[in-house]
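Please go over the structures that come below.
What follows is subunit A paired twice: with subunit B in the first complex and subunit C in the second.
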Partner chain A sequence: METKKLTFAFMDPPFENERTITFFRILDAALDQGADIQVFAYEGAAALAFSLQKAHGNSVHHRDEVQEAHPLTKDWIAALQNKAKQLGVNLEWVNCGLCVDERGVNASIPGCKRGSPADLWRYASESFNTLVIGTR
Partner chain B sequence: MKILQIVEQAFRTLVEEQDDTILWLTQSMAGAGADAEVLLSGNAVYYATMKQRQPAVRISDWIQQEPADIPQDINRLLNQGIPIYVLNDELAERGLDESMLHDGIKAIDKQQLVSLYNRMDQIWQW
Partner chain C sequence: MMQDYFFIQSQEQFTDVRTRSQYDLALSLAKSGKAVSILLVQNAVLSARKKVDSPNVDALLSHAVKIYADSLSLQQREISPQQLNTSIKPAQLDIVISAMLNGDKVIWW
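The block that comes next holds the complex of A and B.
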(Lines of atoms letter the chains of each structure in order from A and count residues from 1; the text may use other names and numbers.)
(Lines give C-alpha, C1' and ligand atoms only; values in the text may rest on other atoms or scores of the structure.)
Protein backbone atom coordinates (compact mmCIF):
# COMPACT_ATOMS: atom_id res chain seq x y z
CA MET A 1 0.00 0.00 0.00
CA GLU A 2 1.29 3.44 -0.92
CA THR A 3 2.13 5.56 2.10
CA LYS A 4 0.38 8.90 1.89
CA LYS A 5 1.26 11.95 3.89
CA LEU A 6 -1.65 13.87 5.37
CA THR A 7 -1.63 17.27 7.05
CA PHE A 8 -4.12 18.33 9.69
CA ALA A 9 -4.64 21.84 11.05
CA PHE A 10 -6.73 21.94 14.19
CA MET A 11 -7.93 24.88 16.30
CA ASP A 12 -9.93 23.53 19.22
CA PRO A 13 -8.78 23.25 22.84
CA PRO A 14 -8.53 20.03 24.87
CA PHE A 15 -11.87 19.61 26.61
CA GLU A 16 -14.63 21.85 25.38
CA ASN A 17 -16.27 20.23 22.39
CA GLU A 18 -16.81 17.09 20.39
CA ARG A 19 -14.51 18.13 17.54
CA THR A 20 -11.46 17.41 19.67
CA ILE A 21 -12.13 13.72 20.20
CA THR A 22 -13.31 13.41 16.60
CA PHE A 23 -10.02 14.93 15.45
CA PHE A 24 -8.04 12.40 17.50
CA ARG A 25 -10.13 9.51 16.18
CA ILE A 26 -9.44 10.68 12.62
CA LEU A 27 -5.70 10.74 13.38
CA ASP A 28 -5.92 7.23 14.85
CA ALA A 29 -7.78 5.97 11.77
CA ALA A 30 -5.28 7.63 9.44
CA LEU A 31 -2.45 5.80 11.20
CA ASP A 32 -4.41 2.55 10.80
CA GLN A 33 -4.38 3.22 7.07
CA GLY A 34 -0.62 3.66 7.08
CA ALA A 35 -0.57 7.39 6.53
CA ASP A 36 2.24 9.64 7.64
CA ILE A 37 0.68 12.44 9.66
CA GLN A 38 1.66 16.04 10.19
CA VAL A 39 -0.30 18.19 12.63
CA PHE A 40 -0.31 21.96 12.97
CA ALA A 41 -1.95 22.85 16.30
CA TYR A 42 -3.35 26.35 16.02
CA GLU A 43 -4.98 28.62 18.61
CA GLY A 44 -6.64 26.56 21.39
CA ALA A 45 -5.21 23.35 19.99
CA ALA A 46 -1.78 24.54 21.08
CA ALA A 47 -2.75 23.32 24.57
CA LEU A 48 -3.44 19.75 23.47
CA ALA A 49 0.17 18.73 24.06
CA PHE A 50 0.66 20.71 27.29
CA SER A 51 2.69 18.45 29.54
CA LEU A 52 1.32 19.86 32.82
CA GLN A 53 -2.20 18.60 32.18
CA LYS A 54 -3.16 16.69 35.30
CA ALA A 55 -5.68 13.93 35.82
CA HIS A 56 -8.03 14.29 38.77
CA GLY A 57 -10.36 12.17 40.79
CA ASN A 58 -14.11 12.69 40.60
CA SER A 59 -16.15 12.63 43.78
CA VAL A 60 -19.43 12.67 41.88
CA HIS A 61 -18.33 9.44 40.20
CA HIS A 62 -17.08 8.10 43.56
CA ARG A 63 -13.69 7.45 41.98
CA ASP A 64 -10.23 8.61 43.02
CA GLU A 65 -7.62 9.83 40.56
CA VAL A 66 -6.39 6.35 39.68
CA GLN A 67 -9.87 4.89 39.35
CA GLU A 68 -11.15 7.80 37.26
CA ALA A 69 -8.18 7.62 34.84
CA HIS A 70 -9.23 10.95 33.43
CA PRO A 71 -8.58 11.39 29.69
CA LEU A 72 -5.88 13.94 28.86
CA THR A 73 -5.08 15.04 25.32
CA LYS A 74 -1.34 14.94 25.99
CA ASP A 75 -1.76 11.21 26.67
CA TRP A 76 -3.71 10.74 23.44
CA ILE A 77 -0.89 12.41 21.52
CA ALA A 78 1.67 10.20 23.24
CA ALA A 79 -0.44 7.13 22.40
CA LEU A 80 -0.57 8.18 18.75
CA GLN A 81 3.20 8.76 18.77
CA ASN A 82 3.72 5.24 20.11
CA LYS A 83 1.33 3.77 17.56
CA ALA A 84 3.07 5.58 14.70
CA LYS A 85 6.40 4.23 15.91
CA GLN A 86 5.07 0.67 16.09
CA LEU A 87 3.58 0.96 12.60
CA GLY A 88 6.73 2.48 11.15
CA VAL A 89 5.02 5.66 10.00
CA ASN A 90 5.72 9.25 10.95
CA LEU A 91 3.72 11.51 13.20
CA GLU A 92 4.94 15.10 13.39
CA TRP A 93 3.30 17.67 15.62
CA VAL A 94 3.97 21.41 15.54
CA ASN A 95 2.35 23.90 17.89
CA CYS A 96 1.85 27.49 16.75
CA GLY A 97 4.46 29.28 18.85
CA LEU A 98 2.53 32.51 19.36
CA CYS A 99 -0.57 30.52 20.33
CA VAL A 100 1.48 28.62 22.90
CA ASP A 101 2.94 31.82 24.34
CA GLU A 102 -0.35 33.65 24.79
CA ARG A 103 -1.79 30.65 26.64
CA GLY A 104 1.29 29.94 28.74
CA VAL A 105 1.41 26.32 27.54
CA ASN A 106 5.02 26.20 26.40
CA ALA A 107 5.78 22.93 28.18
CA SER A 108 4.85 20.34 25.57
CA ILE A 109 5.34 16.61 25.77
CA PRO A 110 8.38 15.23 23.92
CA GLY A 111 8.02 15.07 20.16
CA CYS A 112 5.78 18.13 19.88
CA LYS A 113 7.67 21.11 18.54
CA ARG A 114 7.22 24.84 18.49
CA GLY A 115 6.64 26.31 15.04
CA SER A 116 4.81 28.84 12.91
CA PRO A 117 2.41 29.08 9.95
CA ALA A 118 5.44 28.49 7.72
CA ASP A 119 5.43 24.92 9.07
CA LEU A 120 1.78 24.50 8.10
CA TRP A 121 2.61 25.64 4.59
CA ARG A 122 5.60 23.28 4.42
CA TYR A 123 3.53 20.39 5.75
CA ALA A 124 0.69 21.05 3.28
CA SER A 125 3.11 21.38 0.37
CA GLU A 126 4.52 17.93 1.17
CA SER A 127 1.13 16.27 1.66
CA PHE A 128 -1.33 14.34 -0.44
CA ASN A 129 -4.03 16.49 1.14
CA THR A 130 -4.82 18.73 4.10
CA LEU A 131 -7.79 18.74 6.45
CA VAL A 132 -8.38 21.93 8.41
CA ILE A 133 -10.81 21.85 11.32
CA GLY A 134 -11.61 25.32 12.60
CA THR A 135 -13.27 26.36 15.82
CA ARG A 136 -17.00 26.95 15.43
CA MET B 1 0.70 24.41 -4.89
CA LYS B 2 -2.26 26.75 -4.65
CA ILE B 3 -4.75 26.79 -1.78
CA LEU B 4 -8.12 28.45 -1.33
CA GLN B 5 -8.70 29.66 2.21
CA ILE B 6 -12.45 29.74 2.84
CA VAL B 7 -13.19 31.96 5.82
CA GLU B 8 -16.72 31.17 6.93
CA GLN B 9 -16.65 31.69 10.68
CA ALA B 10 -16.90 35.45 11.02
CA PHE B 11 -15.73 37.58 13.95
CA ARG B 12 -14.03 34.59 15.61
CA THR B 13 -11.05 35.76 17.70
CA LEU B 14 -11.42 39.41 16.68
CA VAL B 15 -11.30 40.65 20.26
CA GLU B 16 -8.73 38.26 21.71
CA GLU B 17 -6.32 38.09 18.76
CA GLN B 18 -7.10 41.58 17.44
CA ASP B 19 -7.52 40.13 13.97
CA ASP B 20 -9.31 37.33 12.14
CA THR B 21 -7.04 34.43 12.88
CA ILE B 22 -7.39 32.85 9.42
CA LEU B 23 -6.71 36.11 7.59
CA TRP B 24 -3.65 36.41 9.85
CA LEU B 25 -2.62 32.84 9.11
CA THR B 26 -2.95 33.50 5.39
CA GLN B 27 -0.77 36.61 5.56
CA SER B 28 1.81 34.74 7.60
CA MET B 29 1.89 31.74 5.25
CA ALA B 30 2.12 34.04 2.23
CA GLY B 31 5.19 35.57 3.83
CA ALA B 32 6.66 32.06 3.88
CA GLY B 33 5.93 31.60 0.18
CA ALA B 34 2.40 30.20 0.20
CA ASP B 35 0.32 30.68 -2.92
CA ALA B 36 -3.12 31.36 -1.45
CA GLU B 37 -6.41 32.94 -2.38
CA VAL B 38 -9.26 33.82 -0.02
CA LEU B 39 -13.01 33.31 -0.25
CA LEU B 40 -15.06 35.16 2.36
CA SER B 41 -18.15 33.05 2.86
CA GLY B 42 -21.20 33.01 5.10
CA ASN B 43 -21.18 35.83 7.63
CA ALA B 44 -17.55 36.55 6.76
CA VAL B 45 -18.85 38.43 3.71
CA TYR B 46 -19.41 41.27 6.17
CA TYR B 47 -15.62 41.60 6.31
CA ALA B 48 -15.72 42.66 2.65
CA THR B 49 -17.92 45.66 3.47
CA MET B 50 -16.36 46.87 6.73
CA LYS B 51 -15.09 50.45 6.72
CA GLN B 52 -13.58 50.85 10.16
CA ARG B 53 -11.77 48.93 12.84
CA GLN B 54 -13.52 47.28 15.76
CA PRO B 55 -14.40 49.31 18.83
CA ALA B 56 -12.00 48.90 21.74
CA VAL B 57 -13.12 46.52 24.47
CA ARG B 58 -13.10 47.79 28.02
CA ILE B 59 -13.05 45.42 31.01
CA SER B 60 -13.04 47.38 34.26
CA ASP B 61 -9.99 49.66 33.98
CA TRP B 62 -8.43 47.54 31.22
CA ILE B 63 -8.90 49.22 27.84
CA GLN B 64 -7.95 47.56 24.57
CA GLN B 65 -5.25 49.54 22.77
CA GLU B 66 -5.21 47.88 19.35
CA PRO B 67 -8.60 46.49 18.38
CA ALA B 68 -8.92 44.40 15.23
CA ASP B 69 -8.78 46.29 11.96
CA ILE B 70 -10.32 44.10 9.28
CA PRO B 71 -10.16 46.72 6.47
CA GLN B 72 -6.42 47.03 7.17
CA ASP B 73 -6.01 43.25 7.10
CA ILE B 74 -7.90 43.14 3.79
CA ASN B 75 -5.52 45.80 2.44
CA ARG B 76 -2.50 43.81 3.59
CA LEU B 77 -3.75 40.66 1.88
CA LEU B 78 -4.47 42.50 -1.36
CA ASN B 79 -1.09 44.23 -1.20
CA GLN B 80 0.52 40.79 -0.86
CA GLY B 81 -1.16 39.89 -4.16
CA ILE B 82 -3.68 37.56 -2.52
CA PRO B 83 -7.03 37.68 -4.37
CA ILE B 84 -10.14 37.90 -2.19
CA TYR B 85 -13.57 36.79 -3.37
CA VAL B 86 -17.14 36.85 -2.12
CA LEU B 87 -20.22 35.21 -3.57
CA ASN B 88 -22.88 37.55 -4.97
CA ASP B 89 -25.62 35.34 -3.56
CA GLU B 90 -24.19 35.52 -0.07
CA LEU B 91 -24.05 39.31 -0.27
CA ALA B 92 -27.62 39.54 -1.55
CA GLU B 93 -29.12 37.32 1.13
CA ARG B 94 -27.68 39.70 3.75
CA GLY B 95 -28.96 42.85 2.03
CA LEU B 96 -25.48 43.72 0.77
CA ASP B 97 -24.31 44.28 -2.79
CA GLU B 98 -21.17 44.62 -4.86
CA SER B 99 -21.14 48.43 -4.57
CA MET B 100 -20.41 48.09 -0.84
CA LEU B 101 -17.27 46.00 -1.28
CA HIS B 102 -13.80 47.05 -0.19
CA ASP B 103 -11.79 48.04 -3.27
CA GLY B 104 -10.08 45.07 -4.82
CA ILE B 105 -12.44 42.37 -3.56
CA LYS B 106 -14.08 40.45 -6.38
CA ALA B 107 -17.73 39.37 -6.32
CA ILE B 108 -18.28 36.10 -8.14
CA ASP B 109 -21.27 33.90 -8.98
CA LYS B 110 -21.63 30.18 -8.38
CA GLN B 111 -20.39 29.27 -11.86
CA GLN B 112 -17.21 31.23 -11.20
CA LEU B 113 -16.92 29.50 -7.83
CA VAL B 114 -16.67 26.17 -9.63
CA SER B 115 -13.85 27.53 -11.79
CA LEU B 116 -12.16 28.92 -8.67
CA TYR B 117 -12.29 25.50 -6.98
CA ASN B 118 -10.95 23.84 -10.11
CA ARG B 119 -7.89 26.12 -10.13
CA MET B 120 -6.94 25.04 -6.59
CA ASP B 121 -4.84 22.14 -5.39
CA GLN B 122 -6.29 22.22 -1.88
CA ILE B 123 -9.41 23.81 -0.38
CA TRP B 124 -9.22 24.70 3.29
CA GLN B 125 -12.60 25.50 4.82
CA TRP B 126 -12.22 27.15 8.18
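The block that comes next holds the complex of A and C.
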Protein backbone atom coordinates (compact mmCIF):
# COMPACT_ATOMS: atom_id res chain seq x y z
CA MET A 1 0.00 0.00 0.00
CA GLU A 2 1.28 3.45 -0.88
CA THR A 3 2.38 5.54 2.06
CA LYS A 4 0.48 8.79 2.28
CA LYS A 5 2.26 12.07 2.95
CA LEU A 6 0.85 14.45 5.48
CA THR A 7 2.00 18.04 5.90
CA PHE A 8 1.84 20.03 9.11
CA ALA A 9 2.48 23.75 9.47
CA PHE A 10 3.12 24.97 12.99
CA MET A 11 4.04 28.37 14.42
CA ASP A 12 4.13 28.04 18.22
CA PRO A 13 7.44 28.29 20.10
CA PRO A 14 8.80 25.75 22.55
CA PHE A 15 7.99 25.97 26.27
CA GLU A 16 5.01 28.32 26.05
CA ASN A 17 1.76 26.74 24.98
CA GLU A 18 -0.08 23.46 25.28
CA ARG A 19 -0.54 23.54 21.51
CA THR A 20 3.12 22.56 21.17
CA ILE A 21 2.51 19.39 23.17
CA THR A 22 -0.60 18.56 21.16
CA PHE A 23 1.30 19.18 17.92
CA PHE A 24 4.01 16.69 18.86
CA ARG A 25 1.39 14.16 19.93
CA ILE A 26 -0.27 14.49 16.53
CA LEU A 27 3.05 13.92 14.76
CA ASP A 28 3.65 10.83 16.88
CA ALA A 29 0.19 9.51 16.00
CA ALA A 30 0.89 10.11 12.30
CA LEU A 31 4.02 7.98 12.51
CA ASP A 32 2.05 5.27 14.31
CA GLN A 33 -0.32 5.17 11.35
CA GLY A 34 2.55 4.84 8.89
CA ALA A 35 2.29 8.23 7.24
CA ASP A 36 5.22 10.14 5.79
CA ILE A 37 5.43 13.49 7.55
CA GLN A 38 6.50 16.89 6.32
CA VAL A 39 6.71 19.75 8.80
CA PHE A 40 7.01 23.42 8.04
CA ALA A 41 7.96 25.27 11.23
CA TYR A 42 7.59 29.02 11.09
CA GLU A 43 7.53 32.01 13.44
CA GLY A 44 8.18 30.78 17.00
CA ALA A 45 8.18 27.15 15.93
CA ALA A 46 11.45 27.78 14.12
CA ALA A 47 13.08 27.41 17.57
CA LEU A 48 11.68 23.93 18.22
CA ALA A 49 14.74 22.32 16.60
CA PHE A 50 17.30 24.76 18.04
CA SER A 51 20.27 22.61 18.98
CA LEU A 52 21.50 24.86 21.82
CA GLN A 53 18.42 24.32 23.96
CA LYS A 54 19.57 23.34 27.45
CA ALA A 55 17.88 21.45 30.23
CA HIS A 56 18.13 22.97 33.67
CA GLY A 57 17.49 22.17 37.28
CA ASN A 58 14.99 23.85 39.57
CA SER A 59 16.68 25.32 42.61
CA VAL A 60 13.40 26.49 44.12
CA HIS A 61 12.26 22.90 44.34
CA HIS A 62 15.76 21.59 45.13
CA ARG A 63 15.88 19.46 41.98
CA ASP A 64 18.95 19.10 39.85
CA GLU A 65 18.91 18.83 36.09
CA VAL A 66 18.36 15.06 36.10
CA GLN A 67 15.60 15.20 38.70
CA GLU A 68 13.85 18.05 36.91
CA ALA A 69 13.91 16.11 33.60
CA HIS A 70 13.16 19.30 31.72
CA PRO A 71 11.72 18.43 28.32
CA LEU A 72 13.42 19.91 25.27
CA THR A 73 11.61 20.08 21.95
CA LYS A 74 14.84 19.41 20.03
CA ASP A 75 14.96 16.03 21.79
CA TRP A 76 11.35 15.33 20.92
CA ILE A 77 12.10 16.01 17.25
CA ALA A 78 15.12 13.72 17.40
CA ALA A 79 12.96 11.02 19.00
CA LEU A 80 10.42 11.36 16.20
CA GLN A 81 13.21 11.17 13.63
CA ASN A 82 14.43 7.93 15.22
CA LYS A 83 10.92 6.52 15.36
CA ALA A 84 10.35 7.36 11.69
CA LYS A 85 13.59 5.64 10.79
CA GLN A 86 12.62 2.51 12.72
CA LEU A 87 9.20 2.45 11.08
CA GLY A 88 10.62 3.02 7.61
CA VAL A 89 8.71 6.22 6.97
CA ASN A 90 9.99 9.71 6.20
CA LEU A 91 10.00 12.71 8.47
CA GLU A 92 11.08 15.94 6.80
CA TRP A 93 11.39 19.15 8.77
CA VAL A 94 11.92 22.61 7.30
CA ASN A 95 12.35 25.76 9.36
CA CYS A 96 11.42 29.11 7.86
CA GLY A 97 14.77 30.78 7.17
CA LEU A 98 13.65 34.33 7.92
CA CYS A 99 12.10 33.13 11.18
CA VAL A 100 15.29 31.48 12.41
CA ASP A 101 17.32 34.55 11.42
CA GLU A 102 15.02 36.86 13.36
CA ARG A 103 15.39 34.70 16.45
CA GLY A 104 19.04 33.74 16.10
CA VAL A 105 18.17 30.06 16.16
CA ASN A 106 19.96 28.95 13.02
CA ALA A 107 21.71 26.06 14.74
CA SER A 108 19.22 23.26 14.22
CA ILE A 109 19.65 19.60 15.09
CA PRO A 110 20.61 17.31 12.18
CA GLY A 111 17.80 16.49 9.80
CA CYS A 112 16.06 19.84 10.14
CA LYS A 113 16.64 22.08 7.16
CA ARG A 114 16.43 25.76 6.48
CA GLY A 115 13.82 26.75 3.92
CA SER A 116 11.11 29.22 3.05
CA PRO A 117 7.32 29.42 2.70
CA ALA A 118 7.84 28.00 -0.79
CA ASP A 119 8.61 24.71 0.95
CA LEU A 120 5.22 24.78 2.63
CA TRP A 121 3.64 25.23 -0.80
CA ARG A 122 5.68 22.35 -2.17
CA TYR A 123 4.91 20.15 0.82
CA ALA A 124 1.18 20.87 0.66
CA SER A 125 1.12 20.34 -3.11
CA GLU A 126 2.62 16.87 -2.86
CA SER A 127 0.75 15.78 0.28
CA PHE A 128 -2.43 13.82 0.63
CA ASN A 129 -3.59 16.23 3.33
CA THR A 130 -2.36 19.26 5.26
CA LEU A 131 -3.06 20.58 8.73
CA VAL A 132 -2.19 24.17 9.63
CA ILE A 133 -2.07 24.83 13.35
CA GLY A 134 -2.23 28.57 13.79
CA THR A 135 -1.39 30.67 16.79
CA ARG A 136 -4.11 33.01 17.91
CA MET B 1 -17.14 12.65 -3.31
CA MET B 2 -18.68 13.88 -0.12
CA GLN B 3 -16.17 15.83 1.91
CA ASP B 4 -16.27 15.40 5.65
CA TYR B 5 -15.20 18.11 8.04
CA PHE B 6 -13.10 17.46 11.10
CA PHE B 7 -12.47 20.34 13.48
CA ILE B 8 -9.95 20.28 16.28
CA GLN B 9 -11.19 22.64 18.95
CA SER B 10 -8.46 23.74 21.35
CA GLN B 11 -10.27 26.80 22.69
CA GLU B 12 -12.49 26.82 25.70
CA GLN B 13 -15.95 28.27 25.22
CA PHE B 14 -16.23 30.09 28.55
CA THR B 15 -13.27 32.39 27.93
CA ASP B 16 -12.79 32.36 24.15
CA VAL B 17 -15.75 34.22 22.69
CA ARG B 18 -14.79 33.27 19.16
CA THR B 19 -15.79 29.66 19.84
CA ARG B 20 -19.42 30.71 19.35
CA SER B 21 -18.86 31.67 15.71
CA GLN B 22 -16.71 28.57 15.20
CA TYR B 23 -19.49 26.33 16.47
CA ASP B 24 -21.99 28.29 14.36
CA LEU B 25 -19.89 27.46 11.29
CA ALA B 26 -19.83 23.77 12.21
CA LEU B 27 -23.57 23.86 12.78
CA SER B 28 -24.16 25.49 9.39
CA LEU B 29 -22.14 22.77 7.70
CA ALA B 30 -24.12 20.09 9.51
CA LYS B 31 -27.40 21.73 8.57
CA SER B 32 -26.31 21.76 4.93
CA GLY B 33 -25.88 18.01 5.04
CA LYS B 34 -22.12 17.78 5.57
CA ALA B 35 -20.69 15.19 7.92
CA VAL B 36 -19.01 17.12 10.73
CA SER B 37 -16.89 15.89 13.61
CA ILE B 38 -15.22 17.89 16.36
CA LEU B 39 -12.40 16.78 18.63
CA LEU B 40 -12.08 18.78 21.82
CA VAL B 41 -8.49 19.09 23.03
CA GLN B 42 -6.70 20.98 25.81
CA ASN B 43 -9.05 23.28 27.76
CA ALA B 44 -11.83 22.72 25.23
CA VAL B 45 -12.58 19.41 26.97
CA LEU B 46 -14.06 21.36 29.88
CA SER B 47 -17.17 21.71 27.71
CA ALA B 48 -17.50 17.96 27.55
CA ARG B 49 -18.54 17.55 31.16
CA LYS B 50 -22.06 16.59 32.18
CA LYS B 51 -24.36 19.44 33.21
CA VAL B 52 -22.27 22.07 31.44
CA ASP B 53 -24.65 24.70 30.13
CA SER B 54 -23.62 24.88 26.50
CA PRO B 55 -26.36 25.66 23.97
CA ASN B 56 -23.73 25.53 21.21
CA VAL B 57 -22.67 21.99 22.02
CA ASP B 58 -26.29 20.92 22.49
CA ALA B 59 -27.20 22.31 19.07
CA LEU B 60 -24.28 20.52 17.43
CA LEU B 61 -25.20 17.22 19.03
CA SER B 62 -28.83 17.60 17.99
CA HIS B 63 -27.70 17.97 14.37
CA ALA B 64 -25.69 14.74 14.33
CA VAL B 65 -22.30 16.39 14.78
CA LYS B 66 -19.98 13.85 16.34
CA ILE B 67 -18.06 15.30 19.28
CA TYR B 68 -15.04 13.62 20.81
CA ALA B 69 -12.83 14.61 23.73
CA ASP B 70 -9.10 13.92 23.78
CA SER B 71 -8.42 11.30 26.44
CA LEU B 72 -5.12 12.78 27.61
CA SER B 73 -6.58 16.27 27.91
CA LEU B 74 -9.37 14.79 30.04
CA GLN B 75 -6.90 12.86 32.17
CA GLN B 76 -4.71 15.93 32.71
CA ARG B 77 -7.75 17.79 34.02
CA GLU B 78 -8.94 14.86 36.14
CA ILE B 79 -12.16 14.51 34.18
CA SER B 80 -13.20 10.88 34.27
CA PRO B 81 -15.21 9.19 31.48
CA GLN B 82 -18.11 8.98 33.95
CA GLN B 83 -18.17 12.77 34.17
CA LEU B 84 -18.58 13.21 30.43
CA ASN B 85 -21.69 14.23 28.58
CA THR B 86 -22.96 10.85 27.43
CA SER B 87 -23.12 12.09 23.83
CA ILE B 88 -19.42 12.99 23.81
CA LYS B 89 -16.98 10.14 23.47
CA PRO B 90 -13.38 10.04 24.73
CA ALA B 91 -10.91 9.48 21.89
CA GLN B 92 -7.21 9.11 21.28
CA LEU B 93 -5.44 11.77 19.25
CA ASP B 94 -4.90 9.34 16.38
CA ILE B 95 -8.45 10.14 15.35
CA VAL B 96 -6.96 13.29 13.79
CA ILE B 97 -4.63 11.27 11.59
CA SER B 98 -7.41 8.90 10.60
CA ALA B 99 -9.44 11.89 9.44
CA MET B 100 -6.49 13.30 7.49
CA LEU B 101 -5.81 9.95 5.84
CA ASN B 102 -9.50 9.70 5.04
CA GLY B 103 -9.24 12.94 3.08
CA ASP B 104 -11.37 14.97 5.44
CA LYS B 105 -10.96 18.71 5.65
CA VAL B 106 -9.16 18.95 8.98
CA ILE B 107 -9.16 22.39 10.56
CA TRP B 108 -7.54 23.53 13.79
CA TRP B 109 -9.29 26.10 15.98
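What we mean here is this: the second predicted complex is superposed on the first by the 134 of 136 C-alpha atoms of A that agree within 3 Å, B and C clash if a C-alpha of one lies under 4 Å from a C-alpha of the other, contacts with A are read in each partner's own complex, and residues count from 1 in each chain.
As a working rule, a residue touches a chain if its C-beta (ideal position, glycine included) is under 8 Å from a C-beta of that chain, and two chains touch if they have at least 3 such contacts.
The model shown is predicted, which means the values in this text are computed figures rather than measured ones.
Colleague: Putting subunit B and subunit C on the same copy of subunit A, do they fit or clash?
Modeller: After superposition on subunit A, subunit B vs subunit C: fit, no clash.
Colleague: Regarding the shared-chain residue A:E43, is it in contact with subunit B (first), subunit C (second), both, or neither?
Modeller: The answer is first: A:E43 touches subunit B but not subunit C.
Colleague: Going by the contact rule set out at the top, does A:S125 touch subunit B (first), subunit C (second), both, or neither?
Modeller: In the superposition, A:S125 contacts subunit B only.
Colleague: Between the centres of subunit B and subunit C, viewed from subunit A's Cα centre, what angle do you get? Round it to the nearest 10 degrees, please.
Modeller: With subunit A as the vertex, subunit B and subunit C sit 60 degrees apart.
Colleague: Could you look at A:T135 and tell me whether it touches subunit B, subunit C, both or neither (first, second, both, neither)?
Modeller: first
Colleague: Quick check on the superposed pair: does A:P117 touch subunit B, subunit C, both, or neither? Answer first, second, both or neither.
Modeller: first
Colleague: After lining up the shared chain so the two structures overlap, which partner does A:L6 touch, if you call subunit B first and subunit C second: first, second, both or neither?
Modeller: second
Colleague: First (subunit B), second (subunit C), both or neither: which does A:A35 touch?
Modeller: second
Colleague: Which partner does A:A69 reach: the first (subunit B), the second (subunit C), both, or neither?
Modeller: neither
Colleague: Just subunit B (first), just subunit C (second), both, or neither: which does A:R19 touch?
Modeller: second
Colleague: Should A:L52 be classified as contacting the first partner (subunit B), the second (subunit C), both, or neither?
Modeller: neither
Colleague: Could you grab the smallest C-alpha gap between subunit B and subunit C in the overlay, to the nearest Å?
Modeller: In the combined three-chain model, subunit B comes within 6 Å of subunit C at the C-alpha level.
Colleague: Both subunit B and subunit C touch subunit A; at which residues?
Modeller: 129, 132, 134, 136
Colleague: Can you check the complex and tell me which residues of subunit A touch subunit C?
Modeller: Counting only subunit A, the residues touching subunit C are 4, 6, 18-19, 22, 25-26, 29-30, 32-33, 35, 128-129, 131-134, 136.
Colleague: Which of the residues in subunit A end up touching subunit B in this complex?
Modeller: These residues of subunit A touch subunit B: 9, 11, 42-43, 116-118, 120-122, 124-125, 129-130, 132, 134-136.
Colleague: What part of subunit C is in contact with subunit A in the complex they form?
Modeller: Contacts found on subunit C: 10-11, 18, 41-43, 70, 72, 92-94, 96-98, 100-101, 103-104, 106, 108.
Colleague: Which subunit B residues qualify as touching subunit A in the complex?
Modeller: Within the complex, subunit B touches subunit A at residues 1, 3, 8-9, 12-13, 17, 21-22, 25, 28-29, 31-34, 122, 124-126.
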